[in-house]
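Two complexes come next, and they have one chain in common, chain A, joined by chain B in the first and chain C in the second.
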Partner chain A sequence: MIPEWVQDILTSKWTWAALALVVAYVLTLVGIVVYTWLERRGAAFIQRRPGPNRRGPYGIVQAVADAVKLATKEDVVPAGANKWLHAVAPMIGMTVALTIIAVIPFSGDFELFGQTFRLQIADMNFGFIFILAISSLAVYGVALGGWSSNNKYSLLGSLRSGAQMISYEISLGLSLVGVLLIYNTVKLDEMVIAQTGAIWHWGVVQAPMAFLIFLTSSYAEANRVPFDLVEADSELVAGFHTEYSSLRFGLFYMGEYVHMAVSAILTVILFFGGWHIPWAEEIFGSAPYVTLFPWLLFGAALVCLVIAWDTSRPRRRVHTRGNLLLAFLLVCVAGSAAALGGLYLAGDVQTEIPWLASICGMLTQVIVLVLKFAFFFWLFIWVRWTLPRFRYDQLMKLGWKVMLPLALLNIGVTGVLVLLGVL
Partner chain B sequence: MKAPFPRSIECEQKLDLCAERMILNWGPAHPATHGTLRVILTLEGETIAKCDTEIGYLHRGLEKLAEDWTYNQCVNISDRINYCSVFINNVGWHQACEKLFGIRVPPRATYLRTILSEIARIADHMVCLGPNCVDIGVLTPFWYTWNLRELAYDLLEFVTGARMTTAFTRVGGLAADAPAGFEERVKQEFLPEVYRVMDELDSLLSKNRIFNDRTRGVGALSQEEAVSYGWTGPCLRACGVAYDVRVANPYLAYGDMDFDVPVGEHGDTYDRFFVRVEECRQSARIIEQAFSKLPDGPVNADDKRVVLPAKGDVYGHIEGLIHHFEIVMFGPRAPVGAICYDSVEGANGELGFTIVSNGTNKPYRMHVRSPCFHVFSALPRLVTGRLLADLPAVVASLNIIAGELDL
Partner chain C sequence: MGVKQIHRPPQNAWERLYVFEIARGLGITLKHALLSWFKPGHMPTYEYPEVKRPLAERFRGRHRIRKREDGSPLCVACYCCQTVCPPQCIDITAEESDDPAVMKRPREFKINLLRCIFCGMCVEACPRDAIYMSHDYELADRTREQLQLGLDDLLENQDNDEGEG
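And then the complex of A and B:
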């Protein structure tokens, strides 16, 4: 069969923790390249303009150019600033956002040579509490960054952020209490397992109010429109990061995207069944994700072909030869994906090589999770370019007079329903 | 209008609870000032306790400069008053000159001036509405309005050769007739887009809850106060006063046109926004009617004192050459001791020019009644006691053009 040492690697929990780390970093740090590109192209799509389309296919290299520009800019520390805090503040925001991802499970349990593994960096039995505890620290980055800059606009921005993040954290935490009551667990993977089966097992159907409050609060926590009072370019120039430049600004900027990514992935895990496809067990048998894997490959091949067709179309764009090369590569990828899918089906991997099949099932789950995550990330962008910004007093009124009572009411109603055995 | 935080500042001072106030210089270089304005705010937390305005950052001495330029050259000064709707300024200046000279402009020129003025008005309103959205935090409508403004500028460039500083009017008419295809371009490219963008703004914003919360009741002014501050134009009409120079004192071809004067109710930011939206629709109606009635004929008055002779005359006869030389080098001479005031409905309100003549080819004194100056004077009244976030929303809805504050 397979050599001993390969089996050792495959059955080491460090292997899968490391792979989870890779997935986490791809979704956050590497993903920033895609997210900034998506934000700019998405904004352009909504605003009826082309957006960045010069460097690379569909302008995707633009994000790299932006990063290089930021990195090579002069790093200015304003006179009278608290130098130490000014330097530390951007790191706090980024670190906090990245830490949360440690407890997020990217796949369900899968079996290899009789042992069970899960794609998760740290399997804590208090995962959910950990998220709430860590995410409250994010306010320090923004508040200290604004305060240490020795700028009145920054100061106003950081004061706003302090008030805003603390107010909305309460409704965020309370909205999740209802979810806890329903799932009866604080472990994120168990929450996803509780949502398997029909689509009405999903958190969004079971606790719609909690979902709305969570979504709104997570927008406020990520300082995104309509809650971007913290930066509010028309009032506060750039809010808390007015005095930041170069990579320190870059860290704040990336921190925002990592925060959005974490919020989006949490929304999926808590309310949209995580890696779970509704009715998958009923339709595809006991191991649905293993069965679905080749079809996922065929789907990917189709998507590659569509993109290849689009890039190879003659149009007035620079890098035409590059586009043709890209189209060729995409066709190759599509061909290999389809061939792999065919091999998987023809070779009957599911019964012949069970360890490979279970890894493939895990990959399917990760991809399902990422697809759902992509929608919620897009929702962030969609909302940003559609809604106006709240005013400070309206924000507080919404947080304390609407969201907080609703979250409390939600706990009461959910509790009664759980007691009655409806949920 | 209730202040967001209803406690009074004096009361707190008595109780010795007042926090330290912060002075914030909002401008002259700030992303939301749309020009070089300076607003000195005394903030108590986020509430504006005191608001002082300072103008003068864009003072170019235009009124003094006019004393050294001939009547036709001064059109370049009018270009730089409200740089968003330049053609209306051109018309305003030369209309006052024509009143001074006692010249009647031929009908084709008045109709073309009407059409171009309304295109410029739409462009100016777009410059107001788009950034107003940005200042409230929603960026997308900005691009919709900016596309329309771009179309308007394309048309102005097509006729006058310049996007912003058109300088297209002359004493007694226009520098040239509109090029062939102008009517088709306006009717096919521009007017449908005007209606579409206005409908889009309506559907995107008029019922948007956050937009309503941010604009309704914000920066409201009563009719009486608006009149006492000398407000004119869309800002005054938003307060409910139906005063429009185009109706009150019909000039150009406005007397023949059928259009409504949109009027607001509360005089707040919301009303100012949607009065401008409705005005753009009315401008489009005016353009349609003006094209249907556009007469043929010359675009310059038949008056040898002010109008250049025909080119054939200039090259063929010594009298024509001298005539041309006199007008180009020295310009037309106004009657001695004449004083006249004439006004047009600028995009921001009544734009008036006072000219005093001493019989030479240059004005003895020129004075501009610029609408923004009067509108801006009410800013402290509008924002004191409100939150900092209301300031950009109000400033943008007043459409303060710094070039009109300082001449």
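And then the complex of A and C:
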């Protein structure tokens, strides 16, 4: 029914690895545009002020203005700096954060012409350990950046960061040992499969303590408030990136967001069932995500229409241009999404074109994952504007005297419960 | 050197767990975020260039000089403001007036706004209530010369605001 070459493309593992790469890049690099906007407007709303609301509808184009500003600034290398390391340090931070995403599965297995595929860049059988190994390299970017700047404040910031990241690395690793005991695998996709079904199969219900420790440590790993001692604007100017300007600063900045994005995805994969909807099989039948796909399209169409209505209101158009263009585009998207959903249902794709249906099911899973991910990314921002920064001794006390013993205790308790067959 | 002891309120066991208190804090910030989103009109901020804060009646903006009925300046060039001006930003040159009822009038009346500290003492000193400070506070300009006010600048836009009265 379909040409040979199309089938060849569809059954090539490179096609799906490339698609996984696209998803990964959209979530990390392209997403930064949305994340910076979300951070700035989220901060503003929590502080009861409007925030950047001038460039584009809802101020969404502000991130582009920020990027242009950064790119056109002078790239200063301070006197006495180690030029080579000064240039390399931001790249290390970014590379490390981006590398982790290679092992993250964005969807479950789906079948095409009798072959099984998964949306994952690199399907390693030690995926989990790879993450731990790579993420501990992130400290090099910060430490070298601070040291090579030939600035005391930068050095102080990077020293703090070194101590902090090493301390929290331990509780992060140990909290994951508990998870490892429960799922009995180091492959991330198998971990997600273990969380299928009822909501109490989710890692957060099975190992709540591990979840809390993991979440806290991942905030410390990403150098976010309340653990942003590395930057500590009020004490260290800007910490390790004081002496960075222009695109090198931008690279550090982007690295931080990529790190947050990766942490958020990992939280979803490990503790919140990845791409699973709880009780999906019970409610929607044997192939729940394939069944859900058209309804997802209808839902997306509805959301687009609501945004289009909101953005075209006179109140939203006071300060910004392009609202009506956005509304028009959104209406177009909504229309085509609804039309596609209708075609999908009318054409009975699920029984007539099984390969298309399984791709659609995969897309549904990706979208479910992204929605959960969005919540945890917002949590990063939300926490940042809620909690004050820890003092250095408080940080170390929390890391070594609270988190580490708790993580060890968690391993013991989880081990006993697993042996007793409770988990 | 005295050491100030800060006594922090004692925390009970529930608060020392932090987790629930953090959740409570997150609830508070979320409440504010949602309020800002759904009721933007209730924000305590002004969308500045379009919406301006209401000014106090006695607000001291850039100076103006009142005019007589015939449009000539009310100023009699007595040099009181120039004398009292703390940063000495006023520079008056007097000349004889055509009006037999008035002795002098200013030929030049220069105010260096870059020097001015907007203290309002010139207004206090003026015996004829000729100089006053308007509500005009958007004073940025591109060159220094544009911020040296002359007599014409001080006499224009009289109708826009009443000033101190």
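FYI, the second predicted complex is superposed on the first by the 417 of 423 C-alpha atoms of A that agree within 3 Å, B and C clash if a C-alpha of one lies under 4 Å from a C-alpha of the other, contacts with A are read in each partner's own complex, and residues count from 1 in each chain.
Note that in this section a contact is a pair of C-beta atoms (placed from the backbone, for glycine too) under 8 Å apart; a residue touches a chain by one contact, two chains touch by 3 or more.
The structure presented is a predicted model; accordingly, all values stated were derived computationally and were not measured.
> For A:12, is the partner it touches chain B (first), chain C (second), both, or none of the two (neither)?
neither
> Check the residue A:212 against both partner chains and state whether it touches chain B (first), chain C (second), both, or neither.
second
> After superposition on the shared chain, which partner residues are touched by A:336: those of chain B (first), chain C (second), both, or neither?
Neither partner.
> Touch check for A:156: first (chain B), second (chain C), both, or neither?
In the superposition, A:156 touches chain B alone.
> Please indicate which partner A:184 is in contact with in the superposed arrangement: first for chain B, second for chain C, both, or neither.
Neither partner.
> Based on the superposed arrangement, let me know which partner A:49 touches: chain B (first), chain C (second), both, or neither?
Both partners, chain B and chain C.
> Touch check for A:228: first (chain B), second (chain C), both, or neither?
After superposition on chain A, A:228 lies in contact with chain B alone.
> Could you tell me if A:387 is touching chain B, chain C, both of them or neither one (first, second, both, neither)?
both
> Going by the touch definition up top, name the partner, chain B or chain C, that contacts more of chain A.
The partner with more contacted residues on chain A is B.
> Just which bits of chain A does chain B share with chain C as contact spots?
Residues common to the chain A contacts of chain C and of chain B are 46-49, 385-387, listed in rising order.
> Which stretch or stretches of chain B touch chain A in the complex?
Touch residues, chain B against chain A: 4-5, 22, 24, 30-32, 46, 133-140, 142-144, 147, 208, 210-211, 213-214, 387-392.
> Under the definition above, what is the set of chain C residues touching chain A in their complex?
Residues 19, 22, 25-26, 28-30, 32-33, 35-37, 40, 43-45, 47, 50 of chain C touch chain A in their complex.
> Quick check on the complex: what are the chain A residues that touch chain C?
Counting only chain A, the residues touching chain C are 42, 44-50, 212, 318-319, 382-383, 385-387.
> Across the complex, what residues on chain A touch chain B?
Touch list, chain A to chain B: 43, 46-49, 152-153, 156, 160, 225-226, 228-229, 232-237, 385-394.
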